[in-house]
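Structures follow.
In the two complexes that follow, subunit A is the common piece, with subunit B as its partner first and subunit C second.
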Partner chain A sequence: MSILVVVERQVHGVDELSLQALAFGRALESGADVHALAVGESGEALAHVLGAHGVSQVHVAEHEAFASYAPQAVARAAVELIGRLSPVVVLAAGTERGNEVLARVAALLDRPFAANCVESTGGEPLRVVRQRWGGSLLEEAELPLEPALVTVAPHVVAASPVNGHPAAIETFRPALSQEELALRVVEHVQTEVEGVSLADAKVVVSGGRGTGSPEGFAVIEELAGLLGGAVGCSRAVTMAGWRPHTDQVGQTGTKIAPDVYIACGISGATQHMAGCKGAKRILAINTDPEASIMASADYAVVGDLHEVVPAVSAALRKARGT
Partner chain B sequence: MRILVCVKRVPMTGGRIVLTGDAQEIDTAHLGFTISPHEECGVEEAVRLVEAHGGDSVVLTLGPPEAEEQLRDALALGIERAIHLVTGEEWDGQATAEAITEAIRSEEAASGRFDLVFFGNESADAGGFQVGIRVAQALERPCATGLKGIAVEGSDVRCEQEVPGGRDVYRLALPAVVTVKEGLNLPHYPSVPAKLRAQRQPVETVTPTPREARLRKVRLLVPESSGKRAEVLGAGAGAAERVVEVLREIGVA
Partner chain C sequence: MLVVSGWLFARRALFLVRLVRAGKPVERFDDMPGRVRSEAVVVLGQKKLLQRVVPGLMHAFIFWGFLVLFPTILLALTWAADPDPGLGASSPLGWLERQGWFALLVDVFVVLVLVGVVTALVIRKVQRPERFRGSHLREADLILGLIAAVVTTLLLWHASLIAAGLNPWPAGWSPISNALSTLLPGGHAADVLERVFVWAHVLVVLSFLVYLPRSKHLHIAVAAINVFFSRTRARGRLEPLRFDAEDEADLRFGAGTVSDLTWKQALDAMSCTECGRCQDACPAWATGKALSPKLLVMGLRDQLFAEGPAVLDGGEATPLVPTAVTDDVVWDCVTCGACVQECPVSIEHVDHIVDLRRHLVMVDARFPSEAEPMLRDVERASNPWGKPQAERAAWAEGLDVRVLQPGSRSPELLYWVGCAGSFDERARDGVVATARLLRRAGFDVGILGPREACTGDPARRMGNEYLFQTLAEQNIRTLDEAGARTIVTSCPHCFNTLANEYPDFGGRYDVVHHTELLAELVQDGRLSPSSGDADITYHDSCYLARHNDVVAAPRELVSRIGRPLEMARSGRRTFCCGAGGAHMWMEERASPINEERVRQAAETGADTLAVACPFCTLMLDDGVRQSGRDLRVADVATLLDESVSRRDARAETTAS
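So, the complex of A and B:
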C-alpha cells in the first residue's frame, strides 16, 4: 500500500507546508510506503530532506517545461506517476499551488478532490474534515480511495522528522502535450513593497469601518510606523475604496501571522477572522464591548480608535523618551 | 468578444456561524446573500472587457431558485443575459462542473463560442478550489487560476497571478477559462435605474439532471472557540499606558 505526496520546493529544499502534508499522510496509513513527487532538478539534498520526513522514494519529473512554473505539466506528471504507483491517497499542501495542481489532477482523472483538510480518521471511503469559509466552518466528508485526492490545510499538523534513511531517487521524463507545455509562467513582475509586507509583519495594525474615512487611517499608519509593523484593513474598507486590496486582511485578502494584531474599529466578521487567526495575540480596540471580535481577542480596549490609537502612539513615544 | 461569468450565491455570515438542526447547512434565516466575493470581481471584469472590446456577456449560476437574486445583481452591473441552472441542495464540485460544462456546450451551440469563461478561484462557502479547472479540462481549454490582472491582447489573454514578492504572468490563447480573485478590480455599485431594469429582464432557467455527490458531505461542524475572554485593558485614551506595557511584554514595543 502506498501514498503519494506532491511536494513544492524552495530554493534550499522542500517547502515547510509540504513537509506538513507528509506528516499528515504518514499518519493516515501507518506502514504505508510513502512516495513523493517533485519536479525540476534532482539532487542529494532532496533525498536527505524527504528521507528524514519518512519518504522511501522520491520521483523527480525532469523536463525543460519545469524551468518555470507550469501547473498543467506538473499535474500531468502526477497523473503519470499515479498510473504507475496506484497510491491509495494522493496529497499536497493546501497552498495556492497545491490546491491548483490537485484540482488539475482531479480534473484529468475525473475524481473527487477534498481541499484544505484538517483531519482524517482514515477508513474506506476516506473520512476527512475539511475547511469551509477559510476555516470558520468545518465539513466532515467522505471520498473514495485509489486514489483519494486531498490537500492539507496549512499549519494544522506539524512537520515531524523521523530517523529515516535518505530516500531513493528515481527520475522520469513525463510525456507532455503542447497544450500542457504552453501553460506556464512566462514572466515575473517584481512588486516594490514599502517597508514590511503584511504577510510577514511581526505587528499588524488594522483599521475597519470604524476609521470612518481614508483620512482615518493616519493614526493607524502612525502607530504601525512606530511599531515597525504593517497597515492592514477590513473588507468593508477596501470595498469602500479607502485602502487598496493589498492591505486587506481576511478570507479573500491576505492571511497574516504576526506576534500581535491590533484591530481598530473592526467588528470581527468570520471572513475577517479567517485572515488573522494565525496571529499569536489579538488586541481589539472597539467602541462596542459586545463586538464579535471580542470573542477572539486576547486584549481589548473599549473606546473610539480616533482617541485610543493616538494616545497609544503618544504613550509609546513617552516610554521611549522620544 | 463573448464572455461568460459563473457565479455562486453565498450567505453573508457576519460574526458567528449557526447551523441548521441537522448540521447540513448554515442557518440563513437571518442572513442576507451575495455573489461570492471573487466572482463579483469576475462580473465587474466581464462588464469592463465588453465595454472596451465590444461583444456580449452572459452570467450563469447553479443553485437554488433564490439564486435568481444574484443573477439580477449581475444584470444590474451590466451583464446582458442570465442563465440559471436550478438545483435543490448544494452540489459537489464535480457535479457542478459537469452541469456547467453541459450548459456551456448548449449555449455555445446556439449562440457561438465564449472567448473567455470566468470563475472565482474558490467559492467563499464550500472552498472547493476546483470547478473552473474541471470545466476547462472538459472543454479542453487552457485555464489560469487565482488571477488579479487580466488583459486581452489580440487573440491572447495576459493573466497575472499574485505570488510572494510580485506577480507571475501567464499568456493563454483564446478561448480560455480564468479563475479570478478579489482585488482584480473594485466592483462598482449598480445605479437604481439599472437595478430596476434588471428586475424586469428575463432569466433563462434550466433544470440539470441531478448527480450523486462523489465528495459526500456528512455534516458541518462549527470549530470550537478557544473559550478565552479578552482581558480588558481599559477604556478610551486612558488605556494607552497599559497597552504599551502589554506590547512590551509581547516584545514588540
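So, the complex of A and C:
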C-alpha cells in the first residue's frame, strides 16, 4: 500500500506546507510506503529533506516545462505516476498551487477531490473534514480510495521529521502533449505597491471624504511616507473614484491591524470601523467634533486635515533634522 | 389539417407539461381563495398590466377581445367543415350564432382588438421604449400581424355571410360587418367569398395554434396558470430549503442547473413574454449594472428549452451560471422585488436569483469576496460588523428599557432592535427615538440585548441558507424563552424575516413595524405631535412597502409632522436605496443606486428625506453626503420624537 504526496519546492529544499501535507498523509496510513513527486532538478538535498520526513522514494519529473510553474504539466506527470504506483491516497498542500494541481489531476482522472482538509479519520471510503468558506464552515465528506485526492489546509498539522534514511531518487520524463505545455508562467510582474502593504503596515494613514479630491491625498501620502506606513482610504473615496479599491479600509475592503491608525477626514461609519477595529491606537483628525470616529479614537484633533497633516509632517521633519 | 396542427400543438404542449412536471417540489396549493382572487384580479382584471395605462388598455382590449371572440373560432371550424352546418338553435353554439347581441359584441371587439394592435405597433415602432431592449422584436411583429389577421378574416367572413344571406343573426345588430358586406359582391360570388374567408380565418387560427407554443407568445396559455400559482401572501418570504428532506431527490441547494428548478420556476420561464416592465423598474438596470430581470428570465428559459429534452431523458445539464446568466447578474440584484411587483404574469424573479446564489454560495463557494467578512461575522459574532455582542444594548442606557435576562417577566412589548440600530451611530437615532416614544406612551418595553442575534436576512439573501436557518432556530429559541408575543421592530428586513419567514421554522409572533405602532399611538392620542414646517418626502423601504404592504402608516405620521411631498416612485412602486439583498456588504459597480434615489428625492424640493429603515438611513445619508446635497435624512421616529418634544416644550412655555 502506498501514498503519494505532490510536493512544492523552495529554493533550498521543500516548502513547509508540503512537509505538513506529508505528516498528514503519514498519519492517514501508518506503515504505508510514502512516495513524493517533485518537479524540476533532482539532487541530494531533496533526498535528505524528504527522507527526513518519512518519504521512501522521490520521483523527480524532469522536463523543460518545469522551468516555471506549469500546473497542467505537473498534473499530467502526477497522473502518469499514479498509473504506475496505484496509491490509495494522493495529497498536496492546500496552497493556491497545490489546490490547482490536484484539481487538474481530479479532472484528468474524473475523480472527486477534497480541498483544504483539516482532519481525517481514515477508513474506506476515506472520511475527511474540510474547510469551506475560508474556514468559517467545516464540511464532512467521504472520498473513494485508489486514489482519494486530498489537499491539506495550511498549519492544521505540524511537519514531523522522523529518523529516516535519505529517500531513493528516481527521475523520469513525463510524456507531455503540446496543449499541456501551453499553460505556464511566462513572466513575473511586481505589483506597483510602493513600500509596505496595507494589510501588514505598522502605520496606516487614511483619508476620507474630507480630503476633498484625489489631489487632497498628497498630504496623506507625504505623512505615510515619513512614517514608513501605508496609505488607506474610506469607502466614500473609492466610490468617488479618487483611490483604487485596493486602498479601501473597511468591512468590504482591507481589514487592517496597525500599531497606529491615523484617520483624516473620515467620519467613521460602521462599515469603516469594522475594517480598522484591530488597530492598537487610533488618531482621528476631523473638522467635526461630533463625527462618530471621535468617540472611537484614542487621540482626536478637531481641525482641517489640510492644515493639521502638513503641520505634523513638518514637525516630524524638523525633529529628524531633515 | 386540423389533425396535423392539433398534433403539432399537442406534441409541443406535452413536452412543456413534462418539463414543468419534472420540476422540483414547491408548496403552491395552499390558500385557494387567494389564488382564485389573484386570477380574477390579475388575469381577468389585468390589474398589473393596467399599472401602465396606455400599454395596459392596449393589452386588455386584445385579451378581452380574444375571450369574447373565442366561440367564433369554434363556429368558424364547423362552418369551414360544412358550408351549411345547420346548427340547431338548441345547441349552445347554434343558439349563440343566432344572437344579435353576440354579433354586436364580435363587431365591437374586432375593432377594439385592431385598435390594440395598432397601439402596440405605434408603441413598438414609433415610441420604441427602452424596456424592449434585448427582447425578440421581430417575433412580436409577427404575432401582432397574426392577431390582426385573425380578427380581420373574422370580420370579412361575417361580412361575406351577410352578403351571401347566410348570416344566422339579424344583420342589423352587427353594423360594421353589415356596412362591409355592402362592399362585397352578391349572388354566387358571395358564396365563393364566404368559403374563401372562412377558410382563410381557420388557416390563420390554426397556424397561430402551431406557432404559439414555440414562441414567446406561449404566455397566453401559461400566464394564467402561473398567476394562479404565484405567491398570494407574504411576498417577501423566500422558500426555505429543507436540509432534512428524507427523499434525497427533494434535497436541493438552490439552482445549479435547469434540473434544479422548481416546477413554478419552470412555469415562470415559460410565461415571460419579454415586455420589459421588470427591466424598466429595476434599480440595478437603471444604474448601469449587468442585471436585467427580463434577460435573466429569458436566459433561464432558453437554457431550459435547450437542455430540457436531454434532461427529460435522464441526461446531464450544464451549469446555469455563467451560461444562462453571468455571475455579475446574479450578484447585482438588491432583492427589492420591483420586477415582481411589475410583472403582469407574476414571475417571481427574486426567487430565481436567490436560488442561483444559494447554489453558487453553498456548493461552489463562489461569491463576491468582500461579503465574506459579513458572513463570517454574522456566524461568529451574531452581527454583520463583528461588533462585541456585549455592547448591543449600549444605546438603551438611561432610556428605561428592560434588558430581558433569562427568566425575566415577559414584556408587554418586545422591541427587536436589529444590528444596524444597535451598533451604527446614524441608525441608532431612530431606535433611540422609538424607545423614547414607546416609553412615553406608557409601554413596558423589553429588549433582548446581547441575546438578540442577526435574524439571518443578509446571509439568506446572499444565498447562505444554512447559516440563516441556524440563526433562525437560535433566535426562535430565545424569543420563545423570553415569552415574546407582540414584537415591534425598526428594521424592515428583521420585520420581514420575523413575520414571514420564522413561521416556517416554528416561530409565530405578532410582528409590527415601529411606524405602524407609532401611527396607532398618534391616532389614539397617546402621542401628540405638533405640526412643523419641514417639507418632507418619505422614501418607502422595499421590505416594508413592496414586500409587506406597509404604506399608509408612515405617511400618516409624516403628514402630522410636516408637509408631505411624494416622489414619482413611491409606495409599492418605490425605488430601492441600494442596500437590499446583502448589498450593504458588497461593493457596487457602475453608478450608485443610493445617489440615484437621493436625486429623485431632491427633485421633490423637500428639505427632509424621511425613512423607516436603518439601512435606508445609512445608504441615503451616504448618498446625500456623496452628492453634496442639502437634505436631511432621518427616520420617521426621529422626526416624530422631535415633534412631540417640541409640543411639550411649547406647553411648558405656556404653562410658565
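Methods note: the second predicted complex is superposed on the first by the 191 of 322 C-alpha atoms of A that agree within 3 Å, B and C clash if a C-alpha of one lies under 4 Å from a C-alpha of the other, contacts with A are read in each partner's own complex, and residues count from 1 in each chain.
One rule holds in what follows: a contact is a pair of C-beta atoms (placed from the backbone, for glycine too) under 8 Å apart; a residue touches a chain by one contact, two chains touch by 3 or more.
Keep in mind the model is a prediction, meaning the values are calculated, not measured.
More subunit A residues lie in contact with B than with the other chain of the pair subunit B and subunit C. Touch criterion met: A:236 reaches subunit C, while subunit B stays clear of it.
By the touch criterion stated above, A:17 is placed in contact with neither subunit B nor subunit C.
Contacts of A:179 after superposition on the shared chain: subunit B is touched, whereas subunit C is not.
Of the two partner chains placed around the shared chain by superposition, subunit B is the only one that A:281 touches, whereas subunit C remains out of contact. In the superposed model, A:132 makes contact with both subunit B and subunit C. In the superposition on chain A, contact is made by A:292 with both subunit B and subunit C. In the superposed pair of complexes, A:255 makes contact with subunit C only, with no contact to subunit B. Once the two complexes are overlaid on the shared chain, A:270 sits against subunit B and subunit C alike. After overlaying the two complexes on the shared chain, residue contacts for A:245 are found with subunit B and with subunit C alike. Comparing the two interfaces of subunit A, the one with subunit B and the one with subunit C have residues 132-134, 136-137, 238-239, 245, 251-253, 268-271, 292, 295 in common.
On the subunit C side of its complex with subunit A, the touching residues are 365, 370-377, 379-380, 384-387, 420, 423-426, 466, 585-588, 592, 618, 622, 625-626. Partner subunit A is touched in their complex by these residues of subunit B: 13-17, 26, 37-38, 92-94, 97, 122, 124-130, 133-134, 136-138, 140, 142-146, 160-161, 163-173, 181-183, 186-187, 214-223, 225-226, 228, 230-241, 243-244, 246-248, 250-253. On the side of subunit A, the complex with subunit B involves touching residues 69, 71-72, 96, 99-100, 103-104, 106-108, 110-116, 125, 127, 129-144, 151, 179, 182-191, 193, 199, 202-203, 227, 229, 235, 238-239, 241, 245-246, 248, 251-253, 259-260, 267-271, 280-281, 283-284, 289, 291-304, 307-308, 310-312, 314-316, 319.
Residue ranges on subunit A touching subunit C, taken from their complex, read 132-134, 136-137, 209, 236, 238-240, 245, 251-253, 255, 268-271, 273-274, 277, 292, 295.
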